[in-house]
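What follows is a set of notes on a single structure, which appears directly below.
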């Protein structure tokens, strides 16, 4: 049994989060682009006199599959590495995963991480 | 004697002006959303295709053939560049210097093409391609060729027409009335007849690629050296003055637009710079040969500021002139045409020439507006009644590129697709 | 304890879904691009005589972390705002979340939402 | 009750995975772009003498909502179709879903799949 | 006397034709997938680099140096523009008007460059860059320079050669045989020798950026004014006619391609318009100086339709001519060359000239095909046997840009990367 | 007599050089990250706007007006192209052939514009737009116009100045000192005064769009035909030689850069090819009229290799010359200027001319370096002390396009936004 730790973070923190996870022994992760909406204000753009409000701000999503017992620690690592203290730093959450398989080998469970 | 220098310059000028229409395709194409860029560009390429063929058939003849009442040339007079087509154009009666008329045919064809393409900016993202192609063919025939004849073909609005007040004959060096007022008025009429895009004024319709807009502006500027410089019909001081005025006015217009934006919105934008380029080029078009470089600074700076203010009008009045053909071409074209009344170095008010030139300029502008408005309205309504203008709302929302052209502009990685069938 | 409500919707419904969620008191969400495959037909593109079948259609994914008790209501809000009644309107689903952390402060649980 | 099967796979396997799922009776899925970090090496790019290490490699994420009883089979289908046997083939995991709604109709549960 | 007008026009023409190759880089680059755009463009830039250096060394001499059997010029005769290089090119025996030969060197070099670059479209996404560079150097030497000599250097296929039937001498105004048939045949041979891309005909290989394709088509057209207009070697009526024919034929070809598509596939595409541009330009190239503007409409319209049909042949016959060099350049080049037999205003069948011109045109086309096919086959097999043509399948699937050039064309946000090392 | 051929060529050349600055906007714009491309392009467009207006006011007069100590022209002498402005420029004393001076004004203005724009590459992604605009106006006035006067206006560094050693007078055909050394030195000074970007040398700052870089390089090359070819002030053999040398050197420079890369890094890159284009063009600029095509191969090949090595120096020495203005323009500009000492066909060392030319070239290069360094330092520090150079770190990280121009270059699908307000 394992957990999926998902973090939505500021794009410019990705390198640090990656390094911190690596240092913490995480061997893999999946990253994708996202846009966030929240307390962090968006911005305004003006094109030929028409003002547009863009309320989504660029974020990066990091997903890490971990063994049950490592989940809490990995959350702390992501929070620690992504934190700048400014509004918009993002969220990290944990979901229970019932099964994991490694495509290459077909093996299941923790050894597939 | 054949003047090879002038002929070379006119060949170059024609090439430069032809390049303007693809330039416009990028200027316009960058400004629309990613789902309709191809259609936007296709309206320009379609204009090249249709007008490029028509011009040698009856376009030249309707512009420069024997006059029918000072309104248009007889299309059969030099149909297909035959009939009474004179292969030699004398440049200087005294020296007998000439250039081959066929070079002028090429040069003039490019003006007709770009004028039609300019209009398309008003009706972005929403019209049937077939309707556009038919409109292009009919409109260039009924509106552009006659106006070209009136202004440059010795017709009603030329210095051989009725609107000559003393020293003051109509001045339209390179196309303030024929090209820009004409296209701007047609754009307004078409925007009204075709109607607004779904979501106009509420949904975001931001430029999908601003570097493309800058590229388009750059190609337009480059091409405009042929447009204005070639309109001197010589490789001489007049061409040089037109060249310098074109550059100076355009530089000033960028500053004018950017300052207006900076004061009003707090930002000097790249879209503003690109738009300022075009506003300056438009305004100096009728004036390039008849103002001083200092006058050109005034023409340009005012054009930039004026158009920067004018592009917002469509929201206030609720017409969807999508890419601001009215705000840029009609407004700056009018300003440039009328500014000659003040700044023409021979006859302008500021140079002691009295009000006559100003009067002439206002009159030719009004005639051009009226003529273009009526003709465009008739053609636009005829297309509406027959072929119809609009694609379905679903096509508009899903993207006109896909609906009309069966294409999307850019590959996306996850675009799952396989070749299903091949037709050979 | 909280829930993650994920909606895969038509792109042009995003603005309405955002407004509806805001009106329902949701203070944050994460948005990303996706492509969907389902009952909705794709389309055909022709490039120089070769016909391509594109069976993926553009969608937008909206993710909202909510308190347990709000999950059902948020699902309804998303369904309501995204609905056009045409095939391809999308799906909304709910997953149990074991822990949420706010990166900026490091706080956990419902107060991190 | 249903499951969400998520696969992170090599982009060029997408067409095969799609076909295999279709053949297995899956009627819908959601696809998105992602980048992966793992055993698979990234690559090096050189721009004017500066060497950049790019350690993220392009992946595609496939998400399939399935009825509880089909989850294991769908995992096998994805693993089978995505497998090349080379490092970097990706992962597939299963998460429990508490509720699914079809936006178009508002219906819930397995019939919404 | 130095004719500064003609010299100016030839300087401009050379500049325009040079721009065509980067234009081609965009035309081709936009058409491939995003993972191989840089490699595609590099094949064009590589052609510029290699041929740009070779041309002044032995290219000019092999084209215009003293003839070796009417097949090629002696490379040592004017090696490095020395030896018997004559700095003056007389334009008109009567008036003694001349232009500096060095200007012609520049003009001709650009033709050699673009011809080589054209070939690269057949082997997109899959060949070693080094092999391409070697092929470019050898092929231009063994195929292009000889053909240029035969047609324009007073050789076998010129009006001083054996294929003059009565009034009818071979006509190739600006390079239907030397450039387009030559490149098209080489493309076919190379596609066969190099083999298909993995996934050809089943996996999607759609254009990753259609606006780039349009940009490329526009730059090609613009540059082609120098290609065809400059081939008049004068700033005169012939140049003007070539200019107008170039525009008219191309406009007609867009219409021809779009109509064919619309009827067959239901959509008029932007890729079709861009392709029509090139098909029209190719077809009018041999004919630009010898047909009327009305004839040019026919040449263009047929070329557009023919090529639109021909691009599907590769799927039927199973050769991976990736970007349709055969369908566009070979087919339209052949059509334009042969069309002169009907439409040449002096000697064509439709103008009462009998069948002689048609015969001549067919013969020179066949000779060019045979020559190019044999030479290309030998060179291509030699490269295969020594350096090899293909990158690894892994590189092809992962993207040739990364594998061969160590670059990716576009930045992506999530591209996690740090500077590792700097070499100074 | 008016030489229409030369006038035509100079009008074309001016147009070509004007196009170089938007070309540069793409060359530079493609090389920065996607979040700062608009700002990068705006620095070029801003340079066009500011210098375009200034040039007709006092730029021409400070360059070619009555000399003040051989250092600069009197700005009031021909202010606004009035005063003692001579409308006629005699090209040939014997024949009396002339061209209109106004054409030269246009041509020269474009040189001033591009030189300013070149400098901006050193300070990418981080400076206030207003500060840049002020710098542009002051720097062109205090550094560019004086250097243009010294070299081309009969001043200190011209063949009428003190640095003529026997037969050997200073050679700077088209701007090795005035344009490239000047811009390169200013870039270095500015990079030092403005300081590094956050993350320089550690964070990835890769080109966001390499095809744009290729496009920019292509437009630069095309425009450079006017830059070098027009600097012959004739449509003659000198112009033809400059044209061929420009092409040959650039082709060789691509090869030089690619080979250097291939050997050192294992990959021949497209960024390398585009950079090689510019390095070759820069190096041949001072030499285009005074070396043979074979000499041009040497000039180019060495320039390509040298610059490929030099672009890494900024990491070693820790100055953030972001887009390598120093490594490309200063290094290749110096090489080209000094190479004349060896390769000038009349006076160079390799042609038996002794060391005098080499000495002269080194001296003028050093004077240009010293002058530009001092003037730029003063101007840069003055801007720093008054307006300040840098945007906030937050703006730099979040993207200068958004912070300064209120725009983002590209639309993204999930960019949730609605129109909030419209200002008309």
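Just so it is clear, A, B, C, D, E and F label the chains in written order, and each chain counts residues from 1 on its own.
Here is the rule we use: a contact is a pair of C-beta atoms (placed from the backbone, for glycine too) under 8 Å apart; a residue touches a chain by one contact, two chains touch by 3 or more.
Protein identities per chain, from UniProt: A, C, D = Nitrogen regulatory protein P-II; B, E, F = Ammonium transporter.
This structure is a prediction, so every number in the text was calculated from the model and none was measured.
Counting only chains that touch, the fewest steps needed to get from chain A to chain F is 1. Residue-numbered contact pairs of C-E overlap by over half with those of D-F, the repeat interface among B-C, D-F or A-F.
Looking at A-B and C-D side by side, the one with more C-beta contacts is C-D.
Chain D and chain E, compared by their mean Cα positions, are separated by 45 Å. Distance from the chain A centre to the chain C centre is 17 Å, each centre being the mean of its Cα atoms.
The distance from the centre of chain B to the centre of chain E, each centre being the mean of the chain's C-alpha atoms, comes to 33 Å.
For chain D, the set of residues that touch two or more other chains comprises 15, 18, 31-33, 35, 37, 45-47, 49-52, 55-56, 95-96. Within chain F, residues 3-6, 8-9, 12, 203-204, 206-207, 209, 215, 264-265, 267, 269, 271, 311-312, 315, 406-407, 413-419, 422-424 each touch two or more of the remaining chains. Within the complex formed with chain E, the residues of chain D that make contact are 12, 15, 35, 37, 42-47, 49-56. Those residues of chain D whose C-beta lies close enough to touch chain A in the complex are 3, 7-9, 32-39, 55-56, 59, 61, 71-72, 75, 78-79, 82-96. Of all the residues in chain B, the ones that touch chain C in their complex are 203, 397, 402, 406-408, 412, 414-424.
Chain contact summary for the complex, chain B toward chain E: residues 2-9, 11-12, 14-15, 18-19, 22-23, 25-26, 29, 37-38, 41-42, 45-46, 48-53, 55-56, 80-81, 87, 100, 102-103, 105-106, 109-110, 129, 209, 212, 215, 401, 404-407, 409-411, 413, 415, 417-419, 422-424. Across the complex, chain F is touched by residues 45-52 of chain D.
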